[in-house]
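Look at the two complexes coming up: chain A is in both, with chain B in one and chain C in the other.
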Partner chain A sequence: MDLTLLLQGILSGILASGLYALVSVGLALAIGVIGIVNFAHGEFFMVGAFLAYQLFISFGFDPVLSLFFVAPALFILGALIYRSSIQFVLKAPELNQMLLTFGIGIILQNLALVIWGGDPRSISNVPYRSIGYQVGGVSIGLVPLASFLISIFIVAGLYFVLLKTPLGRAMRAVAQNRTGASLVGLEVNRIYLLAFALSAALAGLGGVMIAVIQSPTPVVGFAFTLKAFAIVVLAGLGNIRGILGASLLVALAESLVATLVPDGDSLRNAVFFAIIFVVLIVRSRRQA
Partner chain B sequence: MKLRMNLVLLALAAVLLFFLPDLLKLFFDKASVSYLSLLINATSLAILALSWDILARTGQLSLAHAAFFGAGAYSTAILVKQTDVSLWLGLPLAALSAVLLALLLGSVTLQLRGIYFAIATLSFAEVLKAVIQKLPSSLAGGAAGINVEPLFRPQFIAGEMERWEIAFLRNESYFLLYAGLLLATIVLSLLIESSSLSYAFSAIRTNEEVAAVMGVKAARFKLLAFVLSSMPVGILGAIQAHRIGSVSPDETFNVGTTVLALVTPIFGGLYTSLGPILGALGLASIEEFLRRTFSEGYLIGYGIVLVLSILFMPKGIMGLLRSLRKAQRESL
Partner chain C sequence: MKALEVKNLSAFYGKIQVLWDVSFEVEEGEFVTIIGANGAGKTTLLKSISGLISNKKGTVTAFGKSIEQLSAAKIVRSHIGHVPEGRQLFHLMTVLENLESGADYLPHAKREAAKTKAYVYSLFPRLKEREKQLAGTLSGGERQMLAIGRALMTKPKLLLVDEPSLGLAPALTKTVFQALKTINQEGVTIVLVEQNVLQSLKAAQRAYVLENGEVVKSAEASSLLNDPEIQAAYLAI
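So, the complex of A and B:
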């Protein structure tokens, strides 16, 4: 086997895992802390991508600068959606949450289709998009590298918040025991609101990066919802720390198949879901 | 007793459905073509939704119904393309392949619950879609898919009928076929509801461990539900393949089918026979109305309807009807 090709596959996989982790960790927050099955999560990602695109087109904002605008914008969008609908289904059955958030997803996706149309859009003419480095025959694009580093930085920041700050402690407390948390004086509803808004902001940040890496259309969101769900489930519900490992596993597998197998690029999705399926089945048998 | 009354009602509905296309034609003339296509949408949605609900009664929330649909569609398409046998043989073959697939998927997912089960079934459907795409294209047509012969070739003399009449004629036979499949699915669902199966199903849904302690063989009932749920969907896929005229991985294994299979029963009312049907009728009509009124971006309205329905009728149309009836009784 060609060693450089193998190294290239591994490296691209590692770089791609950062974005998966960033998007999935937001969903894990929504499921783990609030207990809400959010089928609109990928749409926050999509909105982030198109906001960054619009900021670039209208004002020439560099995507890196857009990160600082998109995050608060998505935070506010998330908060609005939480206040107007999510908070009413906190105790409803999972299926009701699914349908509600799915409805929200349809609204966001079709609003985007009306505003931006169905064609793929991308922030293509930033000067650094074509910069790449060669290390021993393996090439590293600056954009994937930067998006990996930024993603990991944000995910690490989230871990820090959850582990070391009062807000994070409150979120973990609420996640463990809602009644107990409210008994010791935590404002549960406010913490849920913050967690949901934060979850949307994290997805939006991922969206900014996808707008530079790929050329998304407004229908890209649902696919990312499904993938993020798969990663969260792979890590185990409520296990926010497991997200990094799960993202790395699927991203590596995708990338290795795409680089090593002839015509492997079209197999990316199949490999992704095959891994999820096998892991879920094997794990369930072992526990039984 | 209740079953017998329901079956009588169903027989009446069958008679009505049989004459419905003629009635439409009589009353709406040219506009009847679009009413008929709305009815076709509603009926096929109802089959999908009711089948999904049958499985959900055991607590198994499938995201794999596009796979059963696709298995039925593809097995028919391949049979028709590769052999010269009667087109109608495709329908039982579709049912068979959907059932085999369901047994396979159902037996490996027995230990999975809730969202884990849902994601596993979704992954299964996505992998199957890729497998179909990678089959030799002489067999399954690759990413482009295969064309499928129509089941019905209405006889008409060119020039003697208007264009809308020919379109109507073409859809009329399909509608009767869908209606027949829907009636069969309803009978299936009613039989389950009135037998001891319904107790076993809801015991498993409520708490599988407790059900097992009470002597309910959970694995057997869960697999049975899988089989019964997949059969109508497989046949539906086959009919749809004939009517649309082609199958392709992206269209036939569309995750949208899976989503509709679950959205509709929730909208109508879960774990009942009537709920998914009302849901299908409601959603198909609302979508058609919105499409005509707003054209571009009409799905925004569809999304708003879904959100509002969960906020204001969390138990679906059935829940709404139940509380209306209760309020009426109390006011008397």
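So, the complex of A and C:
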């Protein structure tokens, strides 16, 4: 086996895992704290990507600068969607909740298609997009490297908030026991709103990066919803700490298959779901 | 002043009515118990008072303030603590974190959190020993102590306690009831609902009897202990 190719595959996998973790951790937050399975998560990601694209086209904003605009914009979008719909279905059957979020996703996707059309868009002409480094035959693009570092930084920031701040403890309290949380003075609905908005903001931040890494169309969201789900399931539903490891595992598997298997690039999504099948089957056998 | 005044309280789960025009009063500093069989509506009554149930009619006044419209989070700010059925602890947090969370979101409680914590530990030294342990790994008795401790951390003037003896060995039940008496002697008004009628009548000053969602009797606790009807129905003498 070609060692350089193997190293390249591993490195690409590691770099991709950062973005996966960023998107998945938002989904895990919504599931863990609110208990809502949000099929529109990938669409928040997509909206983030196209906002960054628009900020670049209209005002020449560098994507790094756009991060600071997209995060609050998606936070507000998430809050509005929570207030106008999600909060009313919290006690509804799960199927109804899924249908609702699925519908929200379709609406966002179609709005984006109306606004931006169906062609791939990307923030292509930033000067650093083509910068790369060669280390012993393995190449590292500056953009994937930066997106990895920024993503990990944000995920670490979220972990810090959850584990070390009063707001984070409030979110954990609500996640672990709603009744107990309201009896110690927490307005549970307000914490849900914050968690959902934060979840949307995290997805949006990931979207900004995909607009530089790839050339997304408005339908990019669904694939990322599925990938994020796969990672969340692998980590254990609602387990936020497990997200980093799960992201690394699936990103590595995806990247290794894509680089080492002939025609492997078209197998990328299959790899994701093969892993999920195995995990689900092994887990349910263990429980049985 | 009255600590609690409940008037014509009815409560519902969906369309099913569970409490029927319940009225009772508690003076400040009193220790009152509400006894009743399984399914009588004791838990529903406490949940209606503390705001966990909003589908209700009637009035609830605590320390002169009308609270029946408020959310649970607001009612705890009106100095009403609730030790709920099932304890409702944060099972992935430590004993210490559970206690601190009782005071964290209430400015008046937060200011005195260190003092209250020391008091809780003096009531339940076992909790201090288990400070770093996750709540989910505690024994039934320890969980009950923690639930009481967490409620105390909110600095209640009125404490609602739901069946603390449930699932506890007699020795532990005694410890918990003793602690409730001590808490009451320090000036906290207590409303205790129980199936363990003997223990609660011994601990309380006054009692109400709840049957099928209605108050059917009220009296001094000591006189109920000698009431033939009560003895036959609840004390199995």
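One rule holds in what follows: the second predicted complex is superposed on the first by the 288 of 288 C-alpha atoms of A that agree within 3 Å, B and C clash if a C-alpha of one lies under 4 Å from a C-alpha of the other, contacts with A are read in each partner's own complex, and residues count from 1 in each chain.
Keep this in mind: a contact is a pair of C-beta atoms (placed from the backbone, for glycine too) under 8 Å apart; a residue touches a chain by one contact, two chains touch by 3 or more.
Everything quoted here is computed from the prediction, not taken from an experiment.
Student: For the combined arrangement obtained by superposing on chain A, do chain B and chain C clash, or do they fit?
Tutor: fit
Student: Does chain C touch more residues of chain A than chain B does, or is it the other way round?
Tutor: Residues of chain A touched, chain B against chain C: more for B.
Student: Of the partners chain B and chain C, which touch A:Asn269 in the superposed model: first, second, both, neither?
Tutor: A:Asn269 contacts chain B only, not chain C.
Student: After the superposition on chain A, what is the angle at the C-alpha centre of chain A formed with the C-alpha centres of chain B and chain C, rounded to the nearest 10 degrees?
Tutor: Result: 90 degrees, to the nearest ten.
Student: Does the superposition put A:Ser284 against chain B (first), chain C (second), both, or neither?
Tutor: So A:Ser284 only meets chain B here.
Student: Between chain B and chain C, whom does A:Phe229 touch in the aligned arrangement: first, second, both, or neither?
Tutor: The first partner, chain B, only.
Student: Touching A:Gln214 in the superposition: chain B (first), chain C (second), both, neither?
Tutor: A:Gln214 contacts neither chain B nor chain C.
Student: Kindly classify A:Val114 by the partners it touches after superposition: chain B alone (first), chain C alone (second), both, or neither?
Tutor: Only chain B; A:Val114 stays clear of chain C.
Student: Chain B to chain C: minimum CA distance in the overlay, Å?
Tutor: Distance of closest C-alpha approach: 14 Å.
Student: Which parts of chain A are touched by chain B and by chain C alike?
Tutor: none
Student: Under the stated contact criterion, what part of chain C meets chain A in this complex?
Tutor: The touching residues are 50-52, 71-73, 76-77, 81-82, 84, 86-93, 97, 101-102, 104-106, 150-151, 153-154.
Student: Which of the residues in chain A come into contact with chain B in the complex?
Tutor: For this pair, the touching residues of chain A are 37, 85, 88-89, 92, 94-96, 98-100, 102-111, 113-114, 222, 226, 229-230, 233, 237, 266-267, 269-270, 272-274, 276-277, 280-281, 284-285, 287-288.
Student: Flag every residue of chain A that touches chain C in the complex, lowest number first.
Tutor: 166, 169-170, 172-173, 176-177, 179-188
Student: For a test of understanding, state which residues of chain B touch chain A in their complex under the given definition.
Tutor: So the residues of chain B touching chain A come out as 61, 108-109, 111-112, 114-116, 119-120, 122-124, 126-127, 129-131, 133-134, 143, 255, 259, 262-263, 266-267, 270, 296-297, 299-300, 302-307, 309-311, 314.
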